[in-house]
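Labels run A, B and C following the written order; every chain starts at residue 1.
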Amino acid sequence: MARLTRKQIGEMFGLAPGEEERVFTRVSGYETADAEAIVFARDAAALEIAIESAAGLILAPLGTAPGRDARVAAVKDPKYAFAVCARWLEGPKAGGVHASARVAESAVLGEGTSVGAGSVIEAGVRIGAGCEIGSRVTIQAGSKIGNGVVVQAGAVLGSTGFGYVRGPDGRYVRFPQIGTLWVGDDVEIGANCTIDRGALGETRIGRGTKIDNLVHIGHNCRIGEDVMIAAQVGLAGSCVVEDGAMLGGQVGLGENVEIGAGVMLGGQGGVLPGKRLDGAGKVFWGTPARPVREYLRDLARLKKG
Amino acid sequence: MARLTRKQIGEMFGLAPGEEERVFTRVSGYETADAEAIVFARDAAALEIAIESAAGLILAPLGTAPGRDARVAAVKDPKYAFAVCARWLEGPKAGGVHASARVAESAVLGEGTSVGAGSVIEAGVRIGAGCEIGSRVTIQAGSKIGNGVVVQAGAVLGSTGFGYVRGPDGRYVRFPQIGTLWVGDDVEIGANCTIDRGALGETRIGRGTKIDNLVHIGHNCRIGEDVMIAAQVGLAGSCVVEDGAMLGGQVGLGENVEIGAGVMLGGQGGVLPGKRLDGAGKVFWGTPARPVREYLRDLARLKKG
Amino acid sequence: MARLTRKQIGEMFGLAPGEEERVFTRVSGYETADAEAIVFARDAAALEIAIESAAGLILAPLGTAPGRDARVAAVKDPKYAFAVCARWLEGPKAGGVHASARVAESAVLGEGTSVGAGSVIEAGVRIGAGCEIGSRVTIQAGSKIGNGVVVQAGAVLGSTGFGYVRGPDGRYVRFPQIGTLWVGDDVEIGANCTIDRGALGETRIGRGTKIDNLVHIGHNCRIGEDVMIAAQVGLAGSCVVEDGAMLGGQVGLGENVEIGAGVMLGGQGGVLPGKRLDGAGKVFWGTPARPVREYLRDLARLKKG
């Protein structure tokens, strides 16, 4: 089991010295904390409650509690420090393919990568090292997955995209969906998501991007790095979402939409095909999406009548 | 096979006496009804059609057809009586785990609980009695499921929630998602739903709550009893939905939203993070959600220009 | 492996004669094209790029490039011709049930139908010829599937619908969901979709209809032929969608909604229970959905204040 000493934590976050040899083995909430548990307090009020717990180490904001309890360690961002400790305490990944998973002979899995029960990894798929592929995941041919990627239960990667051409008889013929899917390092993909491979080209999810449950990403989308995509978001084909953008729950993007770097689009917002939203840190909302101030002004006008 | 006599049905719903020993073995629509089938008529017009069928028992509203056909039984709420008969006729559940399901040794299943093909029940999960876990369901560690719970195919219970902390390098680290999921008795969960476990605490679904397909419920949500959640609804983390509330299809709730007891929120309605909707029987609609009258008045104003 | 000669393609699309015996084995994008590959150009600008590729045949619009390169073949609709060639080159389907799929003994599968890993086909299900059932699909009892149907990974067909009756004690009892599901020829259903069987009657998906990922279709819906349904659309119970209609991504229809033949409803549009939209080729948008011109005029008015 992984463990952290007070000293190690001190070195990571520049803590003032404490009981340096003390050992911690887990993070927890206040109720279930014990002497080996690390907890965090987001502010002075939370710290009051944290101190009542049995936690062995309390990460608290700088300046909240100078010296009042030996267990309190002041850091710049306690929540971040807590998350980093949690990650560390998970320890190295064992890896291994569950007996009931079906991994094609020609698929390649990196070291320490695990594949859960009932998952299906098709021919030619390449998965990097240290990945956690949950239970009942499907990764279809033509997919290449980086290192440290997490895919939760039921997700489908590399599915056939939705592209059809209507013939002179009024019937639809499928446009070939024979492209690829590329997923960068440290991407996390939620349960029951569906991510289509490219039609002729590539669908791309950049390093560090996090995707919540039940998200749909259409063929040929290009998602940048460190993008946050909340649950039930849907991207039609060929969308571009640049680095650090944030899409709220149930957002919908039409075909060929572009979301600029660092743009935030509020929940249920919708963008018309071919449009672009731009401006790092700028917040958009509504359907069709507009700057949030404008949207709220519109709503206020409605109320006044 | 389960069966009901006219007498038993009479006792359940206070029917006037009829052919007391007559036996019914199924419920059905009009077209496929036979002498052993029970049908219902919601009103006098439907009763005209029902009488043309070969059904052996016709549940009809009080007062619609006094004595015109021996098969007609007048009850206060024929649809409800029909549903209760249907439930009864399903009989006791056989239970049993399909050979292809993967149930961890340390998981505990109650009597009469069935687990369908390809399902995955992780270590330490506890499932009560008389539950129906469909095919290809995943129930992750940290989940405790009550009695009489129905989980349809492809649902994922106890998935890892969507919580990250951004570091000084701009990259996201996952906040620990090590809490639990508690599901009360008689809850029903639709196909391909995703319900996250708590981050540090608990996600809770109260007794009798019904959840349609493709619904997402984030970490630490607390859903009350007898709540109705239609398809594709999405709840961000830490929402509270109180007893008897109703959420229409594709509703979206931001983080920390509270929906008061008995509130109805119309389809596609959206609520901003931290807001509360209140008032039993009150109907809300739109994004951001407002009382339906207000929303419709706003729309009417728009049209007038 | 399937192959097409220049002559065969010429006969299909009325091409001017070329190197009639030349053989093509695949379609591709420009970058990966070789002498056996067919590509297409949607217009004169694309043709310039296509000509730089190593493709053996370039399908181009009539009139774009008379005789400048022997590889260019002019057709009325190059994208359609390309899709038809792609379909042809897929060749006959091998069929076959993956060893890990669970097909009930009483289920019937047509010739050339394939069932992927981990899929579950319940008792009494009938599937036609030449179907492709992906991995981890569930098709529940009471489902009848036509010929040439494609069902992608994780989809659930014939699930239990969302219908409940509230009793005098305030608790919900499930209305029986014992009907059937009928899916016509050449229907395609995306990954992780959920399609409910009828309550007492039938849910129906007409020939040639195409359904994208994560779509929900409630009990007793009747979908016509050649309908296009984009990702994450949700249909409540008993909706009717007539032939050739198009529903954009995340559209939501309330119970008993009717969408007339050829109607187009833009992404995220919502229709109130019991309403009907009508007019072939007419475009609707917004919630509640109204003619798109009206919706845009409303938005413009808002901006003017």
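Basically, a contact is a pair of C-beta atoms (placed from the backbone, for glycine too) under 8 Å apart; a residue touches a chain by one contact, two chains touch by 3 or more.
These numbers come from a predicted model, not from an experiment.
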Copy-to-copy rotation (chain A on chain B, CA atoms, range 0 to 180, rounded to a multiple of 5 degrees) logged as 120
Any idea if chain B and chain C meet via the same residues, over half in common, or different ones?
different
Starting from the mean Cα coordinates of chain B and chain C, work out the distance between those two points in Å.
29
Residues of chain C whose C-beta touches two or more other chains
100, 118, 136, 154, 192, 214, 232, 250, 268, 302
What part of chain C is in contact with chain A in the complex they form?
27-29, 77, 79-80, 82-84, 86-87, 98, 100, 116-118, 134-136, 150, 152-154, 186, 188, 190-192, 208, 210, 212-214, 226, 228, 230-232, 244, 248-250, 267-268, 286, 299, 302-303, 305
Can you name the residues of chain B that touch chain A in the complex?
100, 102, 118, 120, 136, 138, 140, 154, 156, 159-160, 162, 164-168, 170-176, 178-179, 192, 194, 196, 200-201, 214, 216, 218, 232, 234, 236, 250, 252, 254, 268, 270, 287-288, 294, 297-298, 301-302
